[in-house]
Every structure is written in structure tokens, then in C-alpha cells.
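Two complexes, one shared chain (subunit A), two partners (subunit B, subunit C).
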Partner chain A sequence: MTAALGRLRDRHLGAILLLPSAVLFLGLLAFPLGYGIYTSFFELHLLERTGPFVGLRNYVWLLTNGEFWSALWLSVVWAGGTVGLQIALGTAVALLLHQRFAGRTLARGLVLFPYMMPIVAVVLVWMLLYNALYGVVNYLLLKAGLVSQPIAWLSQPGSALWSVILVGVWKYFPFVVVVVLARLQVIPQELYEVARIDGAGAWARFVEITLPQIKDVLLVVALLRTIWMFNNFEVVFLLTGGGPLRGTMTLPILVYEQAFALYEVGKGSAIAVVMFVLLVGVMTLYFRLFSSEQ
Partner chain B sequence: MVARLRTYPLALLVLIAVGFPLYWMLVTSLKPQTEIFVVPPSWVPRTWTSVHYRELFALTDFLQLFVNSLKVCLMSTGISLAVGTLGAYALARCRVRGRELYGRSVLVAYMFPGALLIIPLVLLFSRLGLTDSHQGLALAYITFALPFVMWVLRGFFRSVSVEFEEAAMLDGCSRLGALWHVVLPQALPGILATGIFAFLFAWNEYLFALILISDESLRTLPPGMMRFLSATDVNWGLMMAASVLVTLPMAIVFGLVQRYLVTGIGAGGLKG
Partner chain C sequence: MNRRAFVVSASLAAAGAALGRPGRAQAAKTLRLFTPEADPAQIKMWNAIFEDYTAKQNKDVVIKGEFAKWDDITKKLAADIAAGKPPEIVAGSSKPDFVALEVKRGLIVDLAPVVDALGRSDFNAAALKIWQYRGVQMAIPYGSQWPVLWYRKDLFAAKGLKPPVTWDDYRAAAEKLTDSSKGTYGAVFSAGRTWNTHLMALIHIWSAGAMLFDEKLNVVFDSPETRRALTYYAEMATRFSPPDVGQYGFREASAAFTSGKSATTFYWGRVLAHLYAQAPQLVPESATIHIPRDKQFRTTLHFDEFYVHKTPSTTEALDVVKFMLQPEQVVRLLTPVVGHVVPTQKSVEPVYSRHEWIKNNPDIVKTLLTPTDYAVAPTLESPKHPFNYKYEVVEARNILTDCVQKIVLGKEPVAKAVEWAHKQMVEATKDIKD
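And then the complex of A and B:
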């Protein structure tokens, strides 16, 4: 058997090895994707599973619906806010952990922890920290005199979105740390020595040497993280459910609401398809970037 | 020297910001209920108790949820690793037509939004009898685990030197023999690390598990744990005990293979 396969031409062997994955991709991704697009042209009820063909009506509904545009905007703020802060914080922490100090290995391990932690655990512990009556966040802010009375961070329209963004940053910034740290380790040390001889300060060395070196990696990480944060359902849904007053209703939550709370599968699919189109746009940008790099 | 003096306070600050929520989760799970609500907070528990852990196993179906999660995640990770390793090897080494296109499709699949897939999956799965089934949920997890495994391992196989394989084949090994005896042992740390991440993503997943399983005895941990959260009177000690235990497997595995993980991440990026 092995000998027979061994004599196969490279091309054929490759096709055989790829076959199982291709079957799974077609069955679990490509076909469902097509089926999802197909559903978006029907007025389909989740439980009855039948409904009339309505053409583009779901898309017209969506584009003329303030709810959709508001969710799109909130998704942009959520993705932009979390990614911007993740990149800034992640880069700063990576620079810090690149320094030599006692306990560095341990610190590098610990910093990864939030990324490994299950989302439900993250959400629950932050709910406790944010609690209005006995939460540590309120206690510390009151003690420091930054607020005059306890705030229900997750249930007030003014603070909910940013409170959720903070949790998103806490959970996902380690990804940026790891990638940037790996890149920092391969910057040639001579560059810094030359700059030091020229009398460049720490900030000048960062702007003139480090930043240009890590720029490409940062760009790719920003794109990847933007896609993932834009698609992220769990963090916001579990912390606020999209509220208060729909103030954190991002697109994935709107899809969930339409399809699984209101049983409007067609409308839910239409929103999901629009998300997919936006995603393909960003991916195209990503490939352009990659090919221009190589 | 000055730089050194600045490094320590900053590193300490970062460690507190990252570590405090973890510490708080752990100590809250070990405090008696009354001590959880005191203001100012009791930073170190005055009384230690394991009552919340005992309650978790005695009063809730936590153990059942844990076993269900384990089952689903092992299935999806196992299949993804087996299928993905072969596919990734082919993508990295074999001159098969359409290889670049396939690689790109894998990357696109790797970024697929769960919210897009869940609607067609639930419609199709219910027709095939795959809802309310651990096999069905495992299949749903393959939608993100397999592209992840293939993408990371493709990069990994590319970075493994071809010379060993060629040497083995000159010695009379077949192509598959070389894959089995030479390439896989070398790639094992990478495959292991990738598998751990694939497991982790499945272990953490909430949306598919919420929608595809509605039979309470088949529920998995993430949606199952959220059920313990009652609207009025939250038993925080119990919730934190459950959070500690759902995090624990990850923490243990992570501690064991930390070195491999960092190289695994460096090799191809991650999903999350």
C-alpha cells in the first residue's frame, strides 16, 4: 500500500492528501456559505423552515433601517477602539518585556494568560469587578476621588460601550504582545549601537529604528485583529446583551437577535451576508498588502 | 541603569493589570458568601472555604458540562489535526495544481465570522439530525479549527528543512514514509502547540454551543455556566469557582508547554 502510494506522482499524492480537508471545507464552509446567501432572499421563519421568496426585500429593509446603520457604526467603534488600544498597549508591553530583567520569562508567560482564558470566565470576573455595589473598580475610583458615586458601568448608556471595549482590550492585547515581541527579537542590534553612538535618545531610537522595523508586522496584526474583533460576538453579548438601550448592539448581536430571538432567519442572513462582503473587502486589502511586501 | 529602574515599576504595573482579575477570580471562589460583598473589599480572604467548589459539584451539573465539553473538543481537535496535518503538508510541499488558491481559501475560511455560519449550519444540521448532538457540535467547531490548523502548519512545514526528507528518500524511503518517519517527528512540537490552540478555541466557543445544543443533558461548559447566573441574586462564589475550573485545564496545559506555544504562535499567527 505504502509502496504503491510512494510511486505516485507528487501532484497526485498532494491531491490525495488534500482531499479530506477539501471535503470538509466544501461541506462545512462553502456549501453553508452559499446556503446562507440563498436564505437571505427568503422570508424564512426559524421554526417553520418555510417562507416565500422575497428577492432583495431583506436587503432593502436592512439598508433603510436605522438599526442596521447604528449597529454598523457601533461595530466600527468597538473594532476600532479595541484594536487601536490593543496595538498601543500590546506594543508598549512588548517593548517592556523585550528588556532584560529578573523574572522576565515568568512575566512573558503571565501576560499571555488573558488570551488563553475562556471568554465566559473573563466575562464573569469583569462583571464582578464592574459591579455597582461591591465591585473593585468602583471602590478604587471612589477612593481616588475620580467618581463621586458608584457607577453601574455595564448598564449605563454612557459607560457601557467603553467598559466593554476595556474588557476586549484586556482579553486580546496579549496576541499583539507575542507577535511584536517575536519581531523585536530579530531586529539587528547593530542598528541600535550605531544610533547610540550618534547620540540618539530612547524615543528617537524607537521612532527611527524600532517603529520602521515593526511597521509591517503591526499593519498585518491590526488587520487580523480588526477582522476578529468585528466578528466577535461573545464578549459584548455576554457582558451587556447589546444594551443598555441597544447602546452596544453590534452587527453579530443583531444577526443573533433577528435569527434566534425574532426567528427572522432571512433578515438575519442578509445582515450576515453584508458582514461577509465587508470582510472580503478587508481581506482583499490584506492580500494586496502581503503581496506588495513580498 | 536608569532604564533598569524604570523597567521594574512598569513591569509590575502590567503584571498587576493582567494578574489582578485572575487573582480576584481565585480568591473570590475561596471566600465565604458574606465576605464577597464587603466594602472595602477584603483583598486577602479572612476566612478560607471550599464551600463553593463543593456546591458546584453537589448542586449543579458542572461535572456533566465539563465532560461534554471535553468530548466535543477532543473530537473536533482530533479530526482537525489529522486532516489538517496532511493537507498542510501537501500545501507546503507537493506541486499540486491550484495550491496557492487553496491556501488563500484556507486563510479566508480562517477569518469566517461565526455569525455568518451559524444560520445555515443550524438549518442544515437540523435537517440532518445533527442538532442536539456532540458530533454535530464537533463538526461545527471544525469550521474554525481546520483552517487554523492548516494555516499554521503550512507555515510550519515550510520552515522545516527539506534536506532530511530528501536524504530519507534517497535511502529508499517512500514519500509517505519520509512524511511519517522524518517530517512528523520533527514537526511534532508545532503540531502539538497547534492542537492545543485548536482545543482552546473550541473550549472557549459560546455561540455555536448555545444554538446547536438545546438538550440540557448535552450542554457544554460555556453556555452551561452562564445558566448559573441568575438575574437577581448572583452566587458569585459559585460563579468564580466555575470560572477557575473552566480556566484550569488551559492553565495546566499552558504551563507544561509554554515554550512550544510561543514558537507555535510565532509560526503562523492565531485566531481569537
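And then the complex of A and C:
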């Protein structure tokens, strides 16, 4: 009897100890997510916070709305472009920093600077660099004779998206450097020594040894960075606000505009839910591929 | 002590600490005042006035300023309202269209009794009228303002140019003043997705004789006059304005002039304070005139205001507003950007006009401070129009700025872009009821 009571008390104690975590999870993750999905079924005006139930009408609206598809495409280009270039640049820099050279420790510290800088400072610096009249980018291009007139990088539909992508790459590539560098440092050196004895050159050693060794890390980095960049709001919004001509209107900015500029919370929520579903889809695909390879 | 005993003891101790917390003396009540009037000198002055209120008027009330960009104000206010925590006081939003949305939802306090308490006859009646909707005095204006054309007298004289009166004059002058190889431009026609672009395009549309809405509030945007206005606007933006006008809002339009990049710019009186702060050598070289016209002179008319949200601190907020609207406080409020707004209280004008910037710069302040009969409030496009409760959605959706961007940046034919914008306006306003 006493033992049974003790077991029951243990069970209760366990539940009580788990309660704070469960409350935190429900309060910080499950409730906002559930509430976001719930509001997407209503025609909700931001100033009133009430409105009629409209079922799937908000989803029908967005699926038939050209702005949504344009924003989805721009989000894919933004996330794909930034993640691809971050991985390429981050891996190249990690390989460089893995070599022995004077000042390597300093260089490893300095390369983290973009990642540590506040985003507002990053945006201000890049806006100055891109400035059509006083910017260094135009100065160098004019000096080199590559352009005859300064280019308004952030205010022309053709150049704005790629200019913003470049900032995204610069800001976040150090994350890739850190992760890949950590992985490079635990690759057994014997593998490279054997390859050298077999006459493998630098490229062959990279393709046959380094790449397979860092592949898993790169996949994790690609997944994480894709989620983060797909949801990234601040870089694009601060640089262009979604313009010019909606040429950088990614999905997070469209959600913001719909909910806070047009006060249509239901429609904004519907877009956010679709973003969530898309990312869950990407994660599921990733884990399936990853587990089948394992 | 075993683990179970530790957990139980710790929980009891925490609960005891929480329940047995000694009572504290009643803290001062904090009121939030939200405003986009936020030049550094203005922020300093706001804070000084807040401190004076607490020190001299009510020690139990502390006022905290919240400052925002012009293009963000309605988004931030809407988010605060949605969160159930609107700022108790809003100052200088100049957005009667947005405040009307709040009136519809019963969110703000009718300030008519405050106007009466302060002395209704002291206020400009037209200014009070702009802030009346559904019989509610939704805000009390403390200053009126309209944009003008700032120009550099020295650069005009060097080219033998006279200040422009018509669009043709201005186009000819801008052409002579533009030298893109030196990075100097004759004009600043904003094309950013900003409120500034919206207002500047609107002024030119009105000047050509067009309107957004007729007197029954039907959309009448697509007209030969609108097309003519936007054709001119696009030409000035692409040929004679800096190459990055596709991102310009208020601050960039002012900075283009104060930095010497542009020989002219459209702006309100705030440029005078910016010149004194950033380029005092340009003050004697600068002057203002009315924005060049097509068929008629037109400019926009806005009124900086105070309004109060219904909150548990409404009584205290009303007292703060009464304090702020005392003539000496209004003068302090306007001083950091002298010339930017014209006081709406007769009791303020004499003190304000004695300011040395006003006395020393007649070429600049005359156009800024002498009321015009052709300044138009966007929510009252003519004396025959009723308060336009549909206008807000056109501005919030950036329909006019998107139209300008399509023409200036996207090189779309004017007729096509105007037709698109007209349809957007009709669609956006069709279900809006008074």
C-alpha cells in the first residue's frame, strides 16, 4: 500500500515537474500557432479584433491572388539565393581558415563580425555602399569603367532583389563558416595523407574526402538557414520595404503589409499558415532523405 | 534533504515569497505619447515638456514619448490598438483618415469639451473642422502645414533662371540645373513607396484639375488631367531627379536639398531647421515658392494634432493635452522646427512670429507661414466634398504610389498605370460605408 502510494506520488511529482515545460510549450508555441490558424478562418479587422467566420475564403483569396504567387516566388529566390551563396562562400572561407597561416586566429575572429553586427547597422552600412551618388560600389564600378552611369541598386526593379540577396549572404555566411570549420577540424588527417600518397590533387581531395565528410553538416546548415531565410523579414524590409515595384515583396513582408497596413489579419494569418505548411513540407522532405541515407 | 523534500520546500518558499510581498507605495502613472514629430531636437523638446508637466503639474503622472517614422505610424498604432494597449495620447500624426477609422470603432475621446475649456474662439475654425467626423471632435490641431518648393537662389542666379511658376518653367529650369556627371539635379520627384510620393503625386494631379473622388465620393481618378499630371511627374522624376528617387520618402527629399545634391525640392518648413543644423551656409542661399502649377496652384493641407484614446488613464491624458495646448508649451513644441507648421491658436502666433529664424529669413518663411486658399486636405478635396471616409484605404494600400512606381520605375505607359490604379481604387472602396 505504502509502495503503491509512493509510486503514485512519484508519478504526480513527475507530472508536476514537467508542468512548467508543458505550460511554456503550450503558451509560447502551440497557442500562437493554433491562434494563427484559427484567425485565418475569419475576416478579422485589426482595429476590431472581431469578424465573421469565412471558412476557407482567405485561402481561396490568396491562391487566386497574383501578389501571393509573386511573393512566394520571390521568397524562393531570396531563400534559395541567399542559402546557396552562403553555403558556397561559407564553405570556401572555412576551407581557407582551416589552412595554417600567420594571423589565422585573428582572421577566424574577424570573419564573425558580420554575424555579430546588429542588423540595423548592417543595413545602414550597405545602404551607404549602394548609394547611387556617394556609394563605394558605384565609385569602384565607374572607376573601373564597368558602368557609365551610377546605378540605383536598391531602387531599380532589376537590381534590388540581388542587391538584397548579397546583403543577406554577407550577414549570415559566418554561421556556415563556424559550423563547417568545426567539422573540418575533426576529419582524420590520415585520409588526406593517404590520398596525397596516392597522388590525389587538391581538387580530388576536396571532392573525394572533404565534401563527403562535411556533407551531413551542410545539409543541416541548409535546412536551418532555409527556414531562417524564408522567414527573414528585417533584411529585406529595412533595405527596400518590399519595393521597388514590389520586386522584393517576400512572403513575410506581404504578411506584415496585409495585417498591419491593410488591417486584414485573417488574410495575413492565412499567408503565414501557408508559409508554415511549406516549411513543414521542406523539413519532412529533408528528414526523409536524411534518414533514408543514414 | 532528499530531492522530493527540496522540491516541496522550494515551491512553498516561492509561494510564500510571492504572497507575502510587502505592499509598495502607489507608483506614478505612466502615460505614453506617440508621435512621428521626432527630429532629434524635437525629441529633446518633447522630453523637456514631459518633465515639466510632471514637475509642475502632476507629480503622479510620468509621460513617456514613443517616436516613429512617418511611413510607420498607422501600422504601429494599429498594432498597439490590436494588442489592447494604444498610447494614451497621439501627437502630430496628420492622419484624420486613420483617426476616423478609430472614431467609427469608438476608440477615441471626443475633445470638443477640451476645445471649449481652452477657448474655442482661439482656434482656427477650419483647422478644427478637418478633425471633425460623425459629430466628434476627434483631435485638436496645434499647427497647420503645407509643402512648398525649396530652391537655391545662388544656383538659379548662376544659370540666369527665375523662380518657376508653371510646370513648363520648372521643367526648363530643372533641365538647366541638372548635371548628372557632377551628381547635381534640378528637382526631387519622389518615387519611393512612401507617403511623400503619394502626397506629391496628389498635388500634381490636383494642379492639373483632376481629383481622386467626386463630391459623392465616387472614384474619378482616371482622367486626361491625371494622365497629364503623371506624365509630367514621371518626366521630372526620370530626367531631372537623383537616380535613387525610387526609394525616396520625406527624409530623403529633405536631405537631397540640404546636402546640395538637388537645387530644388518639395518639402514643408522642416527643411529650415535641417539647414541650420546641417548646412547653415545654405540658409541665405535658400528660398521657397509655391509648388509650380499646371491649371491651378495646389498643395496639400495637413494639421498636426493631439488626440486621446479611451483608456483607464483618459482623465490624466486629457489634462496632459490641456497642458500641452497652453500657448507657452505650443511655442516650445514648435520651436525646434520653426517654420514647419503655422500655429492654429491665435494666442500662439505673436510669440511664434518673434522667433529669430522667422525674422531673419523672410524669403523662406513667407510662403510657409502665409495661409493659402489653394491648400487642400486630402480628406476634403473641395469645399463641396463631405469628409472622405474612403480616402484612407487608397493611402493605406499605396495605390497612388504603386501607380507612380509603375510609370517611373517600371516604364509602364501612363494610361495603363492610371487605368490600373483607378480599378484598384474602385475595388478597394466599393464596400466601405460611412
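Definition applied: the second predicted complex is superposed on the first by the 268 of 294 C-alpha atoms of A that agree within 3 Å, B and C clash if a C-alpha of one lies under 4 Å from a C-alpha of the other, contacts with A are read in each partner's own complex, and residues count from 1 in each chain.
Operating definition for what follows: a contact is a pair of C-beta atoms (placed from the backbone, for glycine too) under 8 Å apart; a residue touches a chain by one contact, two chains touch by 3 or more.
Just so it is clear, the structure is predicted and the values come from calculations on it, not from any experiment.
J.: If we overlay the two complexes on their shared chain A, which of subunit B and subunit C does A:279 touch? Say first, second, both or neither.
T.: Touch status of A:279: first partner only.
J.: Figure out whether A:49 sits in contact with subunit B (first) or subunit C (second), or with both, or with neither.
T.: Both partners, subunit B and subunit C.
J.: Just checking: does A:147 make contact with subunit B only, subunit C only, both, or neither of them? Give me first, second, both or neither.
T.: A:147 contacts neither subunit B nor subunit C.
J.: Between subunit B (first) and subunit C (second), which, if any, makes contact with A:133: first, second, both or neither?
T.: Both partners, subunit B and subunit C.
J.: Looking at subunit A, does subunit B or subunit C touch a larger number of its residues?
T.: B
J.: May I ask you to decide whether A:63 touches subunit B, subunit C, both, or neither, giving the answer as first, second, both or neither?
T.: neither
J.: Quick one: is A:14 in contact with subunit B, with subunit C, with both, or with neither? Answer first, second, both or neither.
T.: The first partner, subunit B, only.
J.: When the two structures are overlaid on chain A, which partner does A:211 contact: first (subunit B), second (subunit C), both, or neither?
T.: A:211: touches no partner chain.
J.: Does the superposition put A:33 against subunit B (first), subunit C (second), both, or neither?
T.: The first partner, subunit B, only.
J.: Contacts for A:265 in the overlay, against subunit B (first) and subunit C (second): which applies, first, second, both or neither?
T.: Both: A:265 reaches subunit B and subunit C.
J.: So which positions on subunit A get touched by both subunit B and subunit C?
T.: 13, 17, 49, 133, 256, 260, 265
J.: Along subunit A, where are the residues that touch subunit C in the complex?
T.: Subunit A residues touching subunit C: 9, 13, 17, 46-49, 131-133, 149-152, 154-157, 240-246, 256, 260-263, 265.
J.: Residue numbers of subunit A touching subunit B in their complex, please.
T.: Residues 2-3, 5-8, 10-11, 13-15, 17-18, 20-22, 24-25, 28-29, 31-33, 35-36, 39, 49, 93, 96-97, 99, 101, 103, 107-122, 124-126, 128-129, 133-134, 136, 139, 143, 170, 172, 175, 178-179, 182, 202, 224, 227-228, 230-231, 233-234, 238, 251-252, 255-256, 259-260, 265, 268-269, 272-273, 275-276, 279-280, 283, 287.
J.: How about subunit C: which of its residues touch subunit A in the complex?
T.: These residues of subunit C touch subunit A: 4, 7, 71, 74-75, 78-79, 81-82, 101-102, 105, 107, 180, 183, 191-193, 242-247, 261, 396-398, 402, 405-406, 409-410.
J.: What residues of subunit B sit close enough to touch subunit A in their complex?
T.: 3-4, 7-8, 10-11, 14-15, 17-22, 24-25, 28, 36-41, 83-84, 86-87, 89-91, 93-97, 99, 102, 104-109, 111-121, 123-124, 139-140, 142-143, 146-147, 150, 174-177, 200, 203-204, 206-207, 211, 221-222, 225-226, 229, 236, 239-240, 242-244, 246-247, 250-251, 254-255, 258, 261-262, 265-266, 269-272
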